[in-house]
Each structure stands twice: as C-alpha cells, then as structure tokens.
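All chains are identified by letter, namely A, B, C, D and E, in their written order; residue positions are counted from 1 within each chain.
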Amino acid sequence: MSKPKFAMYWAASCGGCEIAVLNIHEKILDVDANFDVVFWPVAMDAKYKDVEAMEDGSILLTLFNGGIRNDENEHIAHLLRKKSKILVAFGSCACEGCIPGLANFSPVKEIFDTAFSTISTDNPDNIRPQTHYAMPEGEITIPTLYPVLRTLDQVVDVDYYMPGCPPESHQIAAVIDLVIQVLQGKAELPPKGATIGAGNSTVCDECKRKRNEKTIKAFGRIQLIHADPELCLLEQGIPCNGPATRSGCDARCPSAGAQCIGCYGPAEGVVDYGARLIAAFASVIDSDKPEEIDRILDGLVDPAGQFYRFNLAGSLLKAAKPAWKSNGG
Amino acid sequence: MKEYAYFPGCSLEKMAVSYHLSALETTKKLGIKLKELEDWNCCGATTYFYIDELLAYTLCARNLAIAEKTGLDVVAPCSACYKNMYFTAAHLKKDADLAEHVNFALEEDNLQYNGNVNIKHLIEVFAQDVSAEEIKSKVTRPLEGIRVAPYYGCQIVRPQKEKEDVEQPQFFEGILSAIGATPVNYPLKMRCCGGSLIISSRTAALAMVRNLLQSAVDSQATVIATACPMCQVNLECYQQQVNQEFGTNFSFPVLYFTQLIGLAFGIPPKKLGIGKEFVSIAPSLLRAGQSKD
Amino acid sequence: MEKKEKIGVYVCHCGTNIAGVVNVGEVSTWAAENLKDQGVVVSRDYKFMCSSLGQELIQKDIKEYGLTRVVVAACSPHLHEATFRNACKGADLNPYLCELVSIREQASWVHTDKVAATEKSKALISGGVSRVVYNEPLEPLYVPIHPATLVVGGGISGIQAALEIADAGYRVYLVEREPSIGGHMAQFDKTFPTLDCSACILTPRMVQVGSHPNITLLTYSEIEKVEGYVGNFTVSIRKRARSVDEATCTGCGICWEKCPKKVVDNVFEAGMGNRKAIYVPFPQAVPKYPVIDRENCTFYIKGTCKACEKFCPTEAINFAQEDEIINVEVGNVILATGYDPFDARRITQYGYGRLANVFTSLEFERLSNAAGPTGGNIVLRDGKTVPKVVGIVHCVGSRDKNYNEYCSAICCMQSLKFAHLVHERTGAEIYNFYIDIRAPGKGYEEFYHRLLDEGTHFVRGKVAEISDAVRLPGEEGKLIIQVEDTLTGNQLRVPVDMAILSAGLEPRRDAKAVAKQFGISCSADGWLIERHPKLDPVATVTEGIYIAGCVQGPKDIPASVAQGAAAAARILGKIMQKEIALEPIRASIKEEQCSGCRICNNVCPFNAILFHEDKMVSEVNPALCQGCGTCVAACPAGAISGTGFSNQQILSQIEGLMLLNIKSHKETVPA
Amino acid sequence: MTEETKSFEPTIIGFTCNWCSYRAADMAGTARMKYAPNVRLIRLMCSGRLDPTFVFKAFASGADAVLISGCHPGDCHYISQNYKALRRFHLMKRVLTQLGIEPGRLKLLWASAAEGAIFASEITKFVEEVRALGPLNWPQPGEQVSTPIMEEVTA
Amino acid sequence: MTDTISFSQEVSNLLYAAEGEPLRTCIQCGTCSGTCPVAGYMDYTPRQIIALINAGNKEQVLESNTFWYCASCYHCTVRCPQKINITELMYALKRYSIWKGQHKEGLIGPTFSEAFVKMIVRGGRSFEPVLAPSYIFSLNLREMLQEVTNATELLLKGRLPVLPARIKRIDSFKRMIGRIIPMGGLE
C-alpha cells in the first residue's frame, strides 16, 4: 500500500512556518517515512497542474500557511481544499491573518504607494506592476491583489487550526506524531474545527511569574520600565497579552523578560481576541475619573496594534474602514 | 541661583518704590535674581474687570505671554497684580475658547500664550521657595523684641487656590519669626484694607483702615508688615484722613515685609527705601539688633 | 445546531396600547414566516397575553406543539416577566426558557410612526427568538440561613437591634470598638424635645444587653475579616487585650481609684475631663470591666508601677494578656457603626481651638451633664465663670459645600436643647444663629415655640465669623459673633461670653473601609448606601448585610432606634424562612480554561471571586455572586461564563436584531 | 445635509443595564415620551457586563452606531461596575478610531431610572448625530469583497 | 423661545466664565453679608442683591450702590456655603451697569473706572495724576484738600511720578486692544 500523501503550502506569510517545520530536526525523517510528499513548493519542485490532476481528496494532510491576499492564494486554497482530506490552517497567518493582516489597516492604494513610491524605492518613473503584460515570449500575468487579507477559513472550510507565529517546533513534532499514530490506528483525530498543537488555556498558565490582584495605575513601554524579573509584567504596567493568548508556547516571551504579544491567538471559544484584552485591561485600570483614565490609556501607545497585532484579519471587524472602503463599498 | 521673571507693576515704579528696592535687595542677598519682564503693561488692578472681561484677560495675558518666553516663573510683589495674573492663567487654561480669543488679540503684538507660566506672589517666594533656615542664615541683625502685625490682606490667599487655608494662614508669621521679630496675634490680618475703594467710596475705605489700625494697636504691635503696595499706601498714607474722619490719633508705621527682612539682613535702611514713609518708623526698629534695649 | 428548538412567539395587543401603533397581526405572521428557520413553529397575537386566557394559550401550545422555548412580545419584563415565566413553569417548561420582548415601552408607546414601530417590533422579536435559542434551563439557588446575627456597633441603634433579635430567641454577637456600649447617647445629658435624662433611658437597655443569655457582647473589639455570603458569613473579630481578666474582675473600681496616671479623656469626655490609665469610660459602663490604656499606662511605658495589680482584690489584672481572634458563624449582619462629630477646627473663622470660650456641641453635652466634669455647671473654660451671654451657632459643618452639603438633621433640635439648658441653669441671654429652623419630629415644633417663649433670641443668619477683635465699646473681653440678621438686612456684631458650635454629623473616618469589608458601598458623602432610599432603607445591595442608625445618614435617637428594630425584623424574617432562594443569574469559571491571571479578582465588588493559590485558578462563589456579569466581560481567556446573559445569547441576539438570521433581508442593511 | 443622508435611517444597537437605564427606557414608555425608532435595545444586568465583543459584533453585523448606557457614576446597582464600562468605553473608542470608525458612533449615556426624558432626548439626539455621519455599511460575512483592484492603481 | 431674557438670566450670562454655582442656588443664609467689610455702607447687602436678582428686580439692583462698594476682597466668596462667586457677581454688575449706562447718581466708581481703563489703553501703564480729574470734583471740599495734601506729600517723598509712564511697543499694544474692543469705544 502506498504511503498517504502530504502537502504544504505557503500563501501570504513570511516563510517562518516553513522554517519551523524544518526545525523539528530528525523528526522530519518521520514525515518522509510515513508520507509521500506530493506538493511542497518551498522544498521541492511541483506544478499547480500536477495538483489539479490529482484525484479529489487524495491528499491526506495539507498544512496551509499564510493568509489569502491575492487571487493566486485563493485559487490554491480552493484547490488544496478539494484535493485534501485534512486541511490544517497552519500558523498565525492562516488562522487569523497575523502580521500580513495588519495591512488591513490601510487601503490598497496606500500599500502600493508605500511599496513603489516612497523614498526607499528607486522608481523614478513611478512604474507600477501590471497584472497582465505582453512580452515577446507571450503574455505574463502576476496575481491580483485583493483589498484586504482574509484568513484561510474565511475562504474555505478548515479542519484544524494550528496557531503560532510560527508554531513551536515541539508542537509541530507532537502533531506529526499524533497523525502518525492515527494512521497506525493508535489514536483518534480530534473533532473537526479543533485547535491542535496548543493548549486550551492562556499563556499565564505556563508563565512562572508571580501574580497578584491587578490594578494598573500606568502603562508603559517595556524598554522604559525597569521590570521586576519575578513579577507578572502586566502588574508592572507592561501591556502583556499573555492573559488572553492561547497557551502552548511555554510562555517563551515572558520567561525571557519580554511581554507576550499574542502570536498564539485567542483562547478556546473566544470570538474576538482584541475585545478580550480591551475588556481585561480596562477593567483593572485604577481610576474612575475620565481624565485620569485617559491619562493611563495614553500609556498604551498603539492600542489597536497592541490588541490586534496577529488577529486583525481574524477579528470581528476584520479590517479598518479605509481598507474596506477602498473597495468602493 | 534661583531666577524669576519679575513683574513689578505700576505702583512699584514710584508710589511703592521702597517695596521695589527692598524686594531687589533682599532677594539678591538670598541669591535670587529678579529679572524684570521686558515691556510689561499694567495688570489692570480691579478696574479692567469693571469694564470688559475679555480686555482684562487680554492685558494680563500679554504679560503672561512675555513671561512665558523667558521660561521662568513670574513673581509679582503686588497682591492685585498677582491675583489678576494667577486667575487669568487659570481661566485661560480651563477655557480654550477664551484662550483662543485672547491669543487672537495677542497676535497683533507678536505674542502667543500657551498656558505654561507659574505665577507666584513675592511673599510666596520667601515662604515656599526659600526655607526659613536660609532666611535665618542671612540675618545679621535679628529684629528681637519687635512686635509685628502680619497683614495678609485679601488677594494673596483669596479667592481660594486649591485647598490652602484662607482663614488662618501662618506663612507670614513664619517669615517674621525667621528674622527674629515677634509676630503678634493680629485678628484682622485677613480683613480687607479697602484699597480699591479709597477713591470711589472713601468713607467706607477709611473706616476699614481705622479698624485695621485699631486692631494693630490693640495687639500691641510696633509696626504693620504688608505684602502689597495698595495695602501699604492705604494703611499708611491715609492715617491723617482717618484721624480727621473719626477723631482718632493714629500714627502707626507700616512697612513692607521686605523692608523688615532687609533690616534684619543688615542692609542699610536707605537702600530699602526707608525714609519715604509718611509715618516714621520707630527708632527702636532701626536700632534692632545693634543694641538690644 | 443538532437539536432544533421549537419556539412559540406571542404578540400581545395590550388592548390598543400596542395594537394601536404596532400592526400586531402583521408582526405575528411575519414571525411565523420569517423565523421558521430559527425554530418558530407557532406565532400568535392576542388581546391580553397576561390575562389568564392568554397564559393558558401559551400553556396549551407548550403541550400541543411541544414548545421548548417561548417568546412573548408585550410589555417590559419588569412588569410581566414573572407572569409569563410562571405560566411556562405551569406547563412544565423551565421558566428561564421564556423570553420577554418589550414592544410596548420600547415601541408602541414611544414611537408615532406606525410602520417604523411595526418594523422595530419585528426586529426586537427576531432578536428575542435568536437569543432564546441559547437560553438554558436554570434553577434558583437555595442557601440555608445561619440563625445567628452579627451586630457591629453598640450605640442605641445596635443595642435595639441586638435586643430585638435576642428576645426572639436567636444568638447575637454584638461587637463594639470602645470599652463600653452606649455610643454617643451615653455622653448626652438630656434628649430633645422631652428632656428625658439620656442615661436614665439608656442604661436599662445597656444592662439588658450585658445580661442577655442570647447576646455575646464583645467590647473593645473590632472586625478583622468577613468571609462568606448571605446565610453563611464567617467573621473574624479581634478582641483587643483589656489587660483585665473578665472572668475574675468584679468591676469593684479599686484599680482605677488607685491608678496614679491621669489621662485627658478625649473620647467620652470630649477632652473636657480626665480618666485614669486603667478605666471604665463612665460609671454605668457595660460591661463593667475596665481596660488598661497601654499607650498611657506607666507600666507599659516604664516597666514599673503595677498599682492596679497590687490593689486588685481578685487578681484580675493581667499585663500579659494578648489580643484574641474570635471566629463566629452568622447568617446576617447589621452595621450600626454610627457617626463622628464634625471637627469644628476645620472652620477656622469660628475660632474653635484658638478662642478659649468657643465650645463644640459634644463639649457642651459633657459640660451640661450632671455626671460630667463640672457636675453640670455651665461655666466658661476657666472652670468658674458663669456666662451672661451665650451664642449658639447652627449648621457648623453642615449645609455648606465647603464642608458637608447635607443637613445634619439633629443640630437644630440639639441647639434648642442647649438654649433651654443654658436658660434653665444660668439665666443667661441666649442667641441662636440659624439658617432655617428644622423641627419636623413629634413635639419638635412645640419645643421651638417653648424656646421662643423663654425669650431666646433667634437671629436668622449663618455666622460669618467669631473673633476677639474688639471694635466697639462693650466688646472688651468678649467673643464677637459677626452675622447678618437676614430678616432686617443688618450686619450685627453680637458680643457673647460663650459660643457653642452645633457641629454636624459626619460618616465615621473608617466608614469606607468598613463598607468595603462587608461588600457594600458609600455615597459620595461617605454614608453607607441603603438598597432603596424610600422602600428599603435598612437593607443593602449585598444580601444579608443591613444598616441601621447614623451609619446610613444623620438621624436622631427615635429614628436610629426605629432602624435598629427594622433591621432586626428583616433578619428575623430571613431566619424564619430558614433558607433563601437566590436568582440563578450567576457567573462561573471553567477551571480548565482559567490560567489564574487574576484580572477578575478585584473586578468583583462583592468579593465573590476567590483565587486558589495551590491550583492557580480563580473561582466564583455562587452565593456571593450578584450576577452583574462584569467579570464575564473582563476575563481575557473567556473562561468565565454567565448564566442568563451568556455571550452566545447576546451575540445571537445582536444578529437577530440586525435581521441577519433572515436570508431574504435586504431592506434593513442597505447595499 | 444632502438628500441622501436625510433619507438615511441609521440602525443602532443599544445596551442597557437592568436597573437604571432599562428602567429609564421603561419610564420613557410609561410617560409616552417620543423618540426616534432607530435604536434596538439589549438588556444586560449591568453596564459592567458590556463586553467589547458585543460592540464589535454590532458594528460587524451592520449597525451604524452603538449605545452603551448604565447607572450614573456612583449609583451602580453593583456598587462600581459602571466604572468598568466607562473605562472600556474609553479604550474602545481609541481602538475604533484607529480602525477608522468615527468615535461618534459609540455613545455612553448615564441614565437613572427616573431619567426617561433624558434617555428619550439623548436617543433622538444620537440618531441625528449618526445620521449626519452617514451609513457605516460594514461588509457582511460572506459578502463579496474580493474585487480585483490592480487595474485601478496601475499607472 | 421668547425674544427677551430675564434680568437674572442676563446676569448669569455675564457670569458664564466665572467659576462658581449659579445664583439661583443661593439659600439666603447671609454668610456673605455677615462677612462683608463694607456691608454697612451698602443700600442692600450682597445677600439682598442676590435675592433681588433672583426676583428679577432689575431697577432696584442697578440703582443700588452695593456693587460699587464691593472692595473685591473675596472674603464672601471663599466662605459662601453654596460656592457662589459673589465677588465675580459684583464685577458683572459693574460691567452691566456701565454697559447699560445705568447707575446710581453721584457715584465715583463708574467714571473713575472708565478713566482708568482709557489711561491704560493709551499708555499701557498707570499714571496717577491723570486720574485725578475723574474723581476729584466729586469730593467735598475737605476730602479734596486731603487728596491734595496727600499728593503733595507723595511728591515730596518721591513717590509720585511726574511724567506718564508708557510701554515701548505702544502701537502693537493698541492694535492688540483693537482686536478686543472697538477703539472708538474707549478712545
């Protein structure tokens, strides 16, 4: 019997997820031993037409990383959905938009202007890329950019979510183990829609720092605060996203003295990640006077960035109004 | 060295020149520099506010704007100037609309007031910014045995700024004790001298002066100390009129607190403007510290 | 959704109250057609849904259609939610599966545009239907009531409350901070307007408390910690060391007679008299045992003396005694901690503390008290001169935004009482300076008339200042009260020998801390807040915590006694019920999702959230939880859920209100 | 005001607490005060229950504005929870502004049970303010937003 | 809305910028009048003025000398239990009365104030001798003599200026004032 088929794809993302997969070291050999890798553009040569030619549902497991930013992303998302039994939104970008999703603050025109017409770009004629261009060799096309970035599950049905920017290698290894065990009939798959390779609680669960009841008199940026290494960062006024962020990373950042920035996304059952933090932070501000509240909030320099760094595209509002409206809507 | 922007006010140019002189002398001794505001204008006393509020605020704001450029705290020795500047600054800070109007006018004089000036009364400099120890350390001729009635008057503490004690403050007494004098219990120390009424409502003002002088006599003081040119002129220069009006016989010296400090610091009386008063001061005061009689 | 709910929608006409504006027939048909996908299986409109026929209609449908959810579009839930929930209960449907939609107060009564009101009603019903799908069956929470009661404060209000409950046969723990109960009333000489001797009417009550078998009296004690909830409080009480063994002490008084150390008594005697370092505050004190004031006792300062120990016939002195922590279990609490008198020093222009013959009301009470330091002789500060002219200043610290804005309620009558006592004992000329005379009690106005008849001068005007600055003949050596007689418009200078400042009442300095300890709150003024100012004056928002007397606001003795008795009655009612049903609207924390971040811990003003250090998780105590849902919203992990108002219910209701649940909707969300 | 905005009827989701502001709405009804029909209310036990998720959900579901109302500061039935609502309101406003949503679309209204008149007049006022801001039109889930726009920006 | 506004409303409009509670909250306790050092000279005490304003008795208020006797000592203001800014009220009444040209006969205050402000507007600083004509003729003979004696003594002691003081940037100063009030009004 032939080995089950495996695919991995890189849409709108940085590539860190791919590195994280390779970072599982010798475990990667298990993948090769147990799977027939049929499509993994970053690791091997493959053509879309080969995938298109596959039978529907013939790929057992596809790890899809990156959000959907252009028509090529979307096309491949649909294609891989059709060809895969299990489609995993792999990494923060596919799950919730991640850093590329921050572009949803800005209309596409601004993005293009920034990319092609600012001082850092040597583009005296202000040339912009064309989606179709006739060359002597024939017409070439490049993908068309969409007004906003969408998460994978806003485009196709997703079976599992694996959060992280990137997912921790030990978690990847554990998931691969699990799938192999399932193949061997030793384990069962979690229910559809589940988050895999992460915990159900939040980063605080894994954080070793001491914590007390919270009252915040001032917020400040971490570089400006001489933080107590033992004490909860949030209590020291450092806006740490740990309380709202899904566990699974072993509280890497707080253990290293930096605040959690939320790459593992919302905890189980949470509808809007940023809303949780807005409610939580605001609840423990130590003032009842509007002016004083404002003064304390001034310490949060970029609240939307603080609360939606990884989650903007996956949030309830998904994008800022200028980004939506650039669509002429 | 501490430095302040100094707003002398119109009275100190002539009428209260001794206050001006003694203020400069005593502060100098304490290592404080009073730098006169360039091209200041009259604060308006109470009178601007009788006519037009906006005008009054604008004229005060002009001085504030000039002061703001120096980056220093402003010091006013006159209580009326102080009160006008302090509350103009407070109002402008609170009322953005008013500030906009005022700044519109100030543009004509190439000025702009941004609300960043602290205003102090001269006596606050001595009471708050300088410690009693510092004052004591400069005293060479302590005014021992001199009973002084500390006259606060109105507008140093009134209307109330934040939660200060407006009924029984003690800072003036503190300064007097520091120079070795004996501050007496002066029950009317917070009562008005009628300065703004002396022209318009003479009889009332003279009666107020009478009460203050009587109370000073009753409290067995030898001299009244003031911190305001209006109060000084009113209490001192109108004693004859009071005597004519009420059949009294007052001849009670009234000095600026800075003159008393100056004497205790051993500054020659002339440099303190002593000699310009209507009621000569008791020789004992001039002798104080030299021979302890 | 695996199992589809079966929902019945009922649109009430409320006569023409709703039907006159909202097209109820159209709304009902619309719901049947458009909310089918949500599970609506029947939709009706009816003249009066709240009538027994209307209710029967719902009950019949529940049975016939097997309805699992009911939505009634009618009046405000504050009016008839209970009615329809009971109707559902009658048909064996859990009452919490019924949802009321207000289309009367929120549509027909407030809108004139019939079309808009009808469309809004549809949206509101759509919201209700979307919400009710996620309603869960709930059961009320029953908790048993411990029959013992804690009374904090042994003034007249606390005494009354304690006696009422104890007489009914239940245990009372009465905790008092001072060495004796009695409160301010014990300091007074006479009570207005009857001029009863204060001690004569109070002492028997104090004795009753001291000897009551159902009352455990803990004086010289303070509340350390309060845990638990209605019916089941655990209270830690710190019983401070008296240095006297209560079991052996007989209260004979030899010790304080022999004690060589005199101390100015700033508490009971208001600084007017002395006591010893070992003392009972006053002869009739309950309990009779003295305490050693360790701050002033020579032995504690220098290590020698022990005069009391030497002379004590029963060897009751125990210098080594330590504070004791006593834990008691109680079902209910009454806070009757009283008031502090306004500190007259704060109004410096009245000269108290600076001018010798300015007295406060409490000083005058001691001065006029036959058991007081002067034996009831009203004299000046020199201890001998009888005043010839006395001025009584009303509203000191009251009705003044610079101090307290409120009227202290008792000062007018107190001042009249003072005037009467001065008149009776000295024959002096008396001036009352008042803003308004407030004499609203039984016999109070008559007392005022009596004073007018006695020839007391009443000058209507708030005193501007009191000084010793002489101006006119006849003022020498006097205090001059300067005031406008507002009835004549004249400014007066009234020379007096003695000025009495009728000081107002203020919340206790630690009222805020006490309130926080017991999970209730203070008004901006600092008085503890009652549940309802008119209809529930002795209960608080926290079940099981009651307030009585001046802790709730300034009041006189009869009102304080009435409140003490009222609070006792409320508690006896609870004790009789044996258990109490609490609304099941509660928050709860999913332990596996809680990471113990502790954000929620002090979000709760009722101290209902506990943090388990060992498991590093927080937990909601359901009996303490009042169901506000603030912690649910605050939890960053989404680990707290709230019954009755769950996220799912509300998010679904939003979709319903926006008609997102209806596939064909186009008109409401413009393209 | 253009003809278009005049005809625009905003839809507003309102959150009230059970004790003061919902009763203010009841009071407005009982007194037959009239106000604009654009607000659809959701009753919570306390304004402290107000989860920012609800606000974002309302906007995302097509609401043009959101009203939050509760007991006056100091009068909260649950002692101090309305202050939490106040703080969240302040923070939400900041985030909404960054997301390009006019802060005027989120209103905080304190209303006691006796203030039916204030509740009514404030709602009418709010509706007018939102009408002036125009429709928000947040895209609905599943609504097509993927119009290719490359041509638009090419030179 | 009616076209005319009540006198009490006019007065409270004048006080819009001042801190303090509105006059209608006055409880008529008399603290202000009990405190006032000049109350004995006033036609109505400050408390009565507030009552008259609240009652809308405009003529009685404007015809009274009360507010011209106010010495701006602020003692009433700091003591008022209702935190009414009584001193500012007195200022407002002075302004109102000058603005309407309606005040009691024989008062020095209004003419003196105008003369003072004109002086400042012209020169930027105070110069006492220029003020004398605005009031000296309103005094009786004895008072006039007293003033002259005083002035002479001040002059002898070097305490009276001989030349009017002026600020340097007088032109821009005048333009500045022009932005606040039409110069014709005071020039």
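One rule holds in what follows: a contact is a pair of C-beta atoms (placed from the backbone, for glycine too) under 8 Å apart; a residue touches a chain by one contact, two chains touch by 3 or more.
Note that this is a predicted model, so its numbers are computed, not measured.
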| item | value |
| --- | --- |
| Each chain counted as touching chain B and chain D at once | C |
| Graph separation of chain C and chain E (steps between touching chains) | 1 |
Leaving out chain C, the still-touching groups: A, D | B, E
| item | value |
| --- | --- |
| Longest centre-to-centre distance from chain D, chain (CA-based) | B |
| Between the pairs B-C and A-C, the one where more C-beta pairs touch | A-C |
| Geometric centre distance via CA averages, chain D-chain C, whole Å | 35 |
| Chain A and chain B: spacing of chain centres that average the CA atoms, whole Å | 69 |
| Cα-centroid distance, chain A relative to chain E, in whole angstrom | 71 |
| Rounded Å distance, chain A centre to chain D centre (Cα mean) | 31 |
| Shared-contact residues (touching 2 or more other chains) in chain A | 271, 276, 279, 283 |
| Junction residues of chain C, two or more chains touched | 349, 603, 630, 633-634, 647, 651 |
| Chain E, residues touching no fewer than two other chains | 40 |
| Which pairs of chains touch, using the document's own definition | A-C, A-D, B-C, B-E, C-D, C-E |
| Residue ranges of chain A in contact with chain D within the complex | 71, 74, 105, 108-109, 112, 126-131, 144-148, 150, 271-272, 274-276, 278-279, 281-283, 285, 287-288, 290, 293-294, 297, 300, 302-305, 307-308, 315-329 |
| Chain A partner contacts - residues on chain C that touch it in the complex | 592-603, 611, 616, 630, 633-639, 647, 651 |
| Touch list for chain A against partner chain C, complex | 200-205, 211-215, 232, 234, 242-244, 247, 266-271, 276-277, 279-280, 283-284 |
| In the complex with chain C, residue positions of chain D that touch it | 8, 11, 13, 22-23, 25-26, 28-30, 32-35, 37, 40-46, 48-54, 57-58, 61-63, 74, 77-81, 84, 88, 120, 135, 137, 140 |
| Residue ranges of chain C in contact with chain D within the complex | 76-78, 102, 104-107, 109-113, 116-117, 119-120, 123-124, 127, 519-521, 523-524, 541, 585, 603, 605-606, 626-630, 632-634, 642, 644-645, 647, 650-651, 653-655, 657-658, 660, 668-670 |
